[in-house]
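Below you will find the structure I want to go over with you.
When the chains are written out, they are named A, B, C and D in that same order, and each has its own residue count from 1.
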Amino acid sequence: MTNTSEQNVAVVGLGYWGPNRLRALADIEGMNVTWICDRDEKQLAKLANRHPHTRATTDLDEALADDDLDAVVLATPVFTHHSLGSAALRAGKHVFVEKPLAGSSGEAIDLFSIAEECDRTLMCGHTFLYSPPVRRIKEILDAGELGDLYFISSSRTNLGPYRSDVSVLFDLGPHDFSMLIHWLGHTPETVSAVGRDVISEGVPDVAFVDLTFPDGMLAHAEMSWLAPGKLRRTVIVGSEKMLVYEDGTPEPVRIFDSGIEIGDTSNFGQYQLSYRSGDIVSLRVDSTEPITAELVEFRDAITDGIKPLSDRQMALDVIRTVEAAEASLADGGAVVNVPPAAREAVKGGSA
Amino acid sequence: MTNTSEQNVAVVGLGYWGPNRLRALADIEGMNVTWICDRDEKQLAKLANRHPHTRATTDLDEALADDDLDAVVLATPVFTHHSLGSAALRAGKHVFVEKPLAGSSGEAIDLFSIAEECDRTLMCGHTFLYSPPVRRIKEILDAGELGDLYFISSSRTNLGPYRSDVSVLFDLGPHDFSMLIHWLGHTPETVSAVGRDVISEGVPDVAFVDLTFPDGMLAHAEMSWLAPGKLRRTVIVGSEKMLVYEDGTPEPVRIFDSGIEIGDTSNFGQYQLSYRSGDIVSLRVDSTEPITAELVEFRDAITDGIKPLSDRQMALDVIRTVEAAEASLADGGAVVNVPPAAREAVKGGSA
Amino acid sequence: MTNTSEQNVAVVGLGYWGPNRLRALADIEGMNVTWICDRDEKQLAKLANRHPHTRATTDLDEALADDDLDAVVLATPVFTHHSLGSAALRAGKHVFVEKPLAGSSGEAIDLFSIAEECDRTLMCGHTFLYSPPVRRIKEILDAGELGDLYFISSSRTNLGPYRSDVSVLFDLGPHDFSMLIHWLGHTPETVSAVGRDVISEGVPDVAFVDLTFPDGMLAHAEMSWLAPGKLRRTVIVGSEKMLVYEDGTPEPVRIFDSGIEIGDTSNFGQYQLSYRSGDIVSLRVDSTEPITAELVEFRDAITDGIKPLSDRQMALDVIRTVEAAEASLADGGAVVNVPPAAREAVKGGSA
Amino acid sequence: MTNTSEQNVAVVGLGYWGPNRLRALADIEGMNVTWICDRDEKQLAKLANRHPHTRATTDLDEALADDDLDAVVLATPVFTHHSLGSAALRAGKHVFVEKPLAGSSGEAIDLFSIAEECDRTLMCGHTFLYSPPVRRIKEILDAGELGDLYFISSSRTNLGPYRSDVSVLFDLGPHDFSMLIHWLGHTPETVSAVGRDVISEGVPDVAFVDLTFPDGMLAHAEMSWLAPGKLRRTVIVGSEKMLVYEDGTPEPVRIFDSGIEIGDTSNFGQYQLSYRSGDIVSLRVDSTEPITAELVEFRDAITDGIKPLSDRQMALDVIRTVEAAEASLADGGAVVNVPPAAREAVKGGSA
């Protein structure tokens, strides 16, 4: 990539994720942050001080008016994604949006149309898809090492951080849902969810979600902003082996050569069971930074039209799963169907 | 208690729990094991060898015919509880039954009637109610130390042991359900459950259960015979503090002075949140043996008419909760109502 | 083995270990406990009640006078081992002694002579040698899987239990020292130890021990009765891999494919290092009971003259290592030589 | 503090610690990084790119010649500390040096003299003294909460990182030694150490160190660059309570209400012991950054003459303890005296 093809980027929203993206972009060849943008002048000044070579503004339009600006990284609240994203696309900028892509599947589909129309790259940051453990697990599953998958049970809990803009389903759900869809290669068929809104009325902060997939595969995801400590634990149970993924721990991926085999069951109540409980292997996993990896894919989508792992279909399927879970939760845990995979809805876009 | 009031006891069923009860009874004053009984002659011979002072038989009727026998401890498969329990009661023996009391609420109510009719003590072994951590947690909750309870999330998983006679809901559910009913002083209002029967068709071996209680209290219980390791973890989240109960670990009860407070929310999307994350206290818990403690209560119910903690109402409420969960699981996770507390159905019995 | 060759055994000393041995002997074919013996009448009565088929006495001589008694298991305080053990040997009984064999190497050698003279089996219970993890580690080391051994670091601490008869070096040291001698096939060349006697003057309750072995192999063992929790952790660092042994945990033996390789070091201060940090394998280990396994070897030594793993040489080498450690501790940590392996001193005995 | 009193700082050495100091300085009011310096041009260029407002040089003298430069942060190999530090002091700059202050106590004392002579602040970065857990433990010890201290046992191991310039004693020892001296308010009286140099001949990479303090207090420190995983664990055992400090874990400071009391010991071998094993409290600890906190103290020492926690006496006492440990290790573990506290040697300096 020659210097002339360097992409000039604006980072918009400097709360929690924006500064992380700023740091990551600093190390990516071919990406050059030329603008930072936030409505909070104090936060803007603080970041501007650390990044004196960028231009700082509280007015996104000022940045969008810069003809030398190529792309925007949007790390603002979810409810702004559609309006700011569409403005950036219409200004001719490529857009990377923190997950979830938008506040509804309708908004997401509209953003896709605008991106098509403007012939710009639009990518959503489902960061977990780029984390080394998740990638390694995908390889293990694809190789059939666990056998037939029986069920997946996940806990994603912590004491906060509260999101001011969305429910826990919209905040944490995309992590589990994007992983599940990625690993299984399917969207869920049905979703049911129960939960509570204990801190702020109308904003669920804890939810227990059940998802069904083809062939009886069952997934369960507990997500909560109210927990005594951080837990990021996913257990995958297959017919041959079991896998435990604990994100953020020194041994994130462990494979258990464990299972139960059942023999003749002709006599009533007389199982012939054998338990297998063999070695456990804790896998060495790369330490590449997912937030960097996905911005590299954003760059490659812009410059070379390469479709990223976190593509439009994923962005839409995740939102549709969240919407189904929210509908179920509002209906006391009723079983809600998820629309089939979003292949048609998003065709045509490189990303 | 004088020697003349010593209770002669038969232990029936020498699989997993029977030998444990045998050991526990050996140390209880006023209880004297005079019979052991099992249909498996080899297992019977093995135990007879270790307990040469007891009489051994493969025929329960032989023991029941012994006029000096006062009580029977039933550690046989669930589907035999009603027939063997009613035979023992009708033979004039007091009966202690391993949980669950019977295979259905109908059977349970019938056993209560027979016990009434024969004026004998009938008690079900919900052992967890006698475990020191569960008792300590009850005290903490009753003292209001956690504040208003928001939700309880529990995982009870292991690699087996498979039960040949019942589903995972009937095997593990009574542990969680009896604790919840005991702690909260309420039966659940509704139950929904999803699960799978991966090893043996028709016998669910993994289930995710949601329960609602009055005032919005939500409980979630994951139970599985298919897991890479043993997990017995219950998290109780209250408005003031949070508690984590990990059974069988060196620090079974830990209280977290953690929470989130919300201030003014008048501005849209502008929470004024404060996170509290203070000291954690790991409580010293007694090491008394629950299986001994509940047999002591069985003895006291026989000799002094003292109502045990694990009473008839509990036994019935637990079965009704299991039945509702099984109905929901069979109906794809539909929300099922649980009958209100069983107070009326069981009135009149000491135990 | 026919019934006529069954060994009649007396269990002497019913404090902590005696009852465990009683339980273990109950399941061993060819061993029949006919006597139990303790000076504490209350404890004796309690155990007699549980084992009504054995004869109980507070007077060891009464049991030794029984011509049908073949063997004695000695679970009494260390300072009684020599006198009671020699009395039993002289009475024509085979003798199994809980570790350490005696209170000094002189006493141990004297016991060997008496055993020779009386042509009786004398065996010391270094139970850890029979634990499945220790055996598995021996296989791994013998196969060279860890490469050259660099050092071994061990922590063996707990809150008590205090021994009334010996220092922490004499109580816990034999565990580490017997394992080290077994694994490495060598006695240590030198020992140094520092420690304190904080609870009871003159009885060290915490010690830090350094041991050197041939070829520079270094071992370190921390042992203490004063610790906030139980820790039984041994790290073995080799040139190829590292191994962590945590006794009593769900994953007792873990092998780390970790190491550091150094390349050209010709430039001052310019190491060319490469760190290797690969998969970790947690080994499945059998769950056989070591206290049973060593009593089986005691039986086989009696009946078939088979030399046990825990042989006389080990018993003496362990005591000599403890003596050297005590001498060092008394001398402020001075380096003390350990006599070379006890091969000569104990030759001739089957066990 | 007015802008005129802002200190212009050069960060010298951009390997591991330099960049961390750069980041920390960016957030400290009154400190302004105007120079970065490293002999590695590639590393210099990389950092220059991230900090475009600083001047970059491979030649320290160029920076020292800048009259506007007030202070130097030295993060270079230990063997350069004396020459670069003295050059900076003689150029009229205040100097902050990463630990250890110098490669020998002689060099350290010489640096003190030069600092006196030039009337400049000279401070050594014993960062752990500024970590919130270490500060909290100091408060707990000073309040006598643990009672009389019996012993302290510490493990500080990891797989690397190797230091190219010093032994593991010079690299990791200062952490443990500075904490011990800080907590206890005393230098050790004697030190003994054994170890090995397995990777690079002549450079010990594993050491087991015993230290004695007044009143019998004993400390043990295991330190190693060869370990399967990171361990930073210190256990402090007192007469009243015990404390476990595990740096870098979610619960770094835990206090155990555990102990053993001994009653009448008049009868030989008949202890009357009582074990106390009460609640465990995991303390909430602040999350302030120690590397920032100590640079703030460096600034305050320069501008206001305030003596820092990590003062000259500490710097010298730590080096003397390391030297004694190295002497012992070279002498096969011989007990080596440590010079008494360095009060006299360093008097007169503000820092």
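Rule of thumb we're sticking to: a residue touches a chain if its C-beta (ideal position, glycine included) is under 8 Å from a C-beta of that chain, and two chains touch if they have at least 3 such contacts.
The model shown is predicted, which means the values in this text are computed figures rather than measured ones.
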Path length in steps (a step moves to a chain that is touched) from chain B to chain D: 1
Selected interface, A-C versus A-B, where C-beta contact pairs are more numerous: A-B
Rounded Å distance between chain A and chain B, as computed from the means of their C-alpha atoms: 40
Euclidean distance of C-alpha centroids - chain A vs chain C, Å: 54
Chain B, residues touching no fewer than two other chains: 229, 277, 280
Interface residues, chain B side, partner chain A - complex: 77, 79, 150-151, 153, 155, 159-160, 162, 164-165, 190, 192, 194-196, 198-200, 206, 208, 210, 212, 216, 218, 220, 222, 224-229, 235, 237, 239, 242, 244, 254, 256, 258-260, 262, 265, 269-271, 273, 275, 277, 280, 332-335
Contacting residues of chain A [partner chain D, same complex]: 26, 49-50, 52-53, 229-230, 250
Contact set on chain A toward chain C in their complex: 251, 257, 277-284
